[in-house]
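Going in written order, the chains are labelled A, B and C, and every chain counts its residues from 1.
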Amino acid sequence: MSAVKVRGLRYRYPDGTQALDGVDFDLADGECVALFGANGSGKTTFVLHLNGLLEGEGSVEICGQHLERSTLAKVRTQVGLVFQEADEQLFMPTVLEDVAFGPLNLGLPQPEATARAAKALEQVGMSAVIHKAPYHLSAGEKRRVALAGVLAMEPRILVFDEPTTSLDPPAQRDLVRLLQALPQSKILVTHDTGFASILATRAVFFEHGRVAGEGTVDEMVRRFHWSHV
Amino acid sequence: MHHLVIEGWSHRSSPLHARDARAKLGVLLVLLIAISTTSSQLSFYGYALLLAVAIGIARLPLFGLLERAVLLLPFIATFTLITWWSGQPVRALAVFEKSLLSGIAALILVATTPITDLLHGLESLAVPRPLVLVIQFLYRYLFVLSEQAQHMRMAARARGSRFHSAGSAVAVLFARSWERADGIYQAMLARGFAGRFYTVSATHFHVADAAFFCAVSAAVIAIRIAL
Amino acid sequence: MHIPDGFLTPPVWGAFDVIALPAVALVARRAEALKDDRNLPLLGVMGAFVFAAQMINFPVGPGTSGHLVGGTLLVIVLGPAAATMVMTAILAIQALVFQDGGIIALGANVFNMAVAGVLAGYLPYRFWAAQWRSAAIFTGGVLSVLTSACLALAELLTSGVPMSRRILMLSLGLFLVSAFIEGAITLAAVRAIERMNPRWVPRLEPAGSRVMGVVAIAAVVLVMGGILIASAQPDGIERLVGGGSPVWSHAPLADYQIRGIDSPWLRRAGAGAAGLVLIYGISVLTGRLLARQRSS
């Protein structure tokens, strides 16, 4: 079954720039795909369409369901987006309240919501900080708590926007292990080709709002000279 | 930093830390009102003793606390001195003691109650939810933005600050803050936000809290009346 | 300008806690009635921004620098109701986290800075923003700080803190200097923000004539002056000096009576309340006037 099916996606910013210029994209159930591309090439803009934060022209299908106003709420439970800025994602005063935010919005009563939050925190190994304030967490811990907040909604698809930003190597390793253990289909928007090559079976290269190439991670790295040496 | 020290203290445990935020807030108000309505030197000694007992039960470092209290002094000292120089030394001393006692009492409250618990307590005490939420978000991002401003200050110091560039610095801070708020809103939507914040209430008022409130309030009132 | 606990007498802090805090609660409840909490994180972040912005140094003289207070900046960017909520949140955090300002004195501080200060900062902008934009922003900053400071001074005087004429003049001089600095800083900041992204500083349609603005601002200044003079009544201070201890804890003074109100406690509270009602009335009337104009 297809997890994500995008056809002919176009999006223009209010100031007139064409951020996406006809993008086709597929994600199969259980697959992990990396998105590469220069800053401003449209990768982040693209993923913001997958849960309806941005609305463009073309069609977006999530788990076989067409994305439109009436299906927005449902799609947002199926697509879990982990943002680049963890501080903007962890906006509640304590970890527990933040991770329980999603379940509470789903209409779950408080005891169930907190139970889901506790379970999600256990999944990411952050049960110890459940009552802490986000301010006191390290970058790696914030990233994992943000992931817990998303997992608590039990999505089918996980999208990560630059997940290894400001993570030191040990934290990066922890994140890799964590992601390997998660069964959901995944999209990784990243500059970190090493990270991508461990987790992703396929890579898509964005250029000027279009898909310029597709293949394995190594193929894309070679073809577009996407390494720092 | 001052507030970080106090925040650290607020997460310790002691019989006082364990009391419900509302009970402690209630006791504080009774005490502040009592202090404000008296000028008896004896009662000040009584309240000082009460506060010392509280500090002991809360297992707070006495000198550390007094160190924090010193920060309260500038404003208090100014008006105390003005009152003294106007030929009212008795009143000056009274005002000084009242302010110091009130300040230390408030300090003990925040040193034994995490701010988030305090805010939840306020909400259940009929402070309007939108206001509590604004305070909550303010507190959440207070230190994040302050760190940003700190960096900008250091950079400006290196470059040599001018009035005009300070205005630009404020604008940059504003821009980042506004964009951060946009990011927060997107993150809220992504996790199903539909217009309402739901709070996770974790406070329960036990018999111990009621007993605490009644006992201490009675002591405060007794001191007020007797001394 | 944040009054700690211990300085204000019960009639004064009591009156403000009873009037100002419910007033802010009313503003907040109206926000609740909108059934959309979407802007609350923005308001919180803006409050945090003001704290952070206060750390930026604005050089105003050799070795001295000023800092943004922020009430006027907030009201220009967010409008009066939102600015009042943000300022109240700021004052609450300042009192609780930084022990800057008292707890029972919170009502007075909220009135001075979150209600009166915000409205005073908004007044020039509402009337002059269309044609005299820089003057509007600058005057807003000046008026906002001046109003808050004068009210604080008046509350302290009414509570019996003795101030000689010289000290009073010195204080007012300092207030004026801070007020002008705030005006200049607010203007610099708003202009810089506007340059970065014009949509952050909302444009207002012209509301009434600029002359009406002048009249309104003059009215506020006059009321402030009146309140200060009334609070600094020499006979009030004399009575306190003669008493030696807080007046309200004694029996009513035999040789002073006002038409049935012979408790000085009540008299003082009455004076305070009367001043409050006056300011409140002006604020409400101005608010109604502005609301009517916006809808027309």
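Here is the rule we go by: a contact is a pair of C-beta atoms (placed from the backbone, for glycine too) under 8 Å apart; a residue touches a chain by one contact, two chains touch by 3 or more.
From a predicted model like this one, the values you see are computed outputs, not experimental measurements.
Looking at contacts between chains, the pair that accounts for the most C-beta pairs is B-C.
If each chain is reduced to the average of its C-alpha atoms, the one that sits nearest the average of all protein C-alpha atoms is B. Rounded to whole angstrom, the centroid-to-centroid distance between chain B and chain C, based on C-alpha atoms, equals 21 Å.
One simple way to say how far apart two chains are is to compare their mean CA positions; for chain A and chain C this gives 46 Å.
Chain geometry summary: the mean Cα position of chain A and that of chain B are 39 Å apart. For chain B, the set of residues touching two or more other chains reads 115, 136-137, 139-141, 144, 180, 184, 188, 193.
The set of chain A residues that touch two or more partner chains comprises 91. Taken residue by residue, chain C touches two or more other chains at 41, whereas all remaining positions touch fewer. On the side of chain B, the complex with chain C involves touching residues 2-3, 6, 28-29, 32-33, 35-39, 68, 71-72, 75-76, 79, 82-83, 86-88, 90-91, 95, 97-103, 106-107, 110, 115, 118, 127-131, 133-142, 144-146, 148-150, 152-153, 156, 161-164, 166-175, 177-178, 180-181, 184-185, 188, 193, 195-197. Partner chain A is touched in their complex by these residues of chain B: 115-116, 119, 136-137, 139-141, 143-144, 180, 183-184, 186-194, 198-201.
Interface of chain A with chain B (complex): residues 48, 51, 53, 73, 76-77, 80-81, 83, 85, 87-89, 91-94, 96-97, 100-102, 104-106, 110, 113-114, 133-135, 149-150, 153.
On the side of chain C, the complex with chain B involves touching residues 2, 4-10, 13, 24-25, 28-29, 31-32, 35-38, 40-49, 51-53, 55-60, 65, 68, 85-86, 88-90, 92-93, 95-99, 102-104, 156, 160-164, 167, 184-185, 188-189, 191-193, 195-197, 200, 241, 244-246, 248-249.
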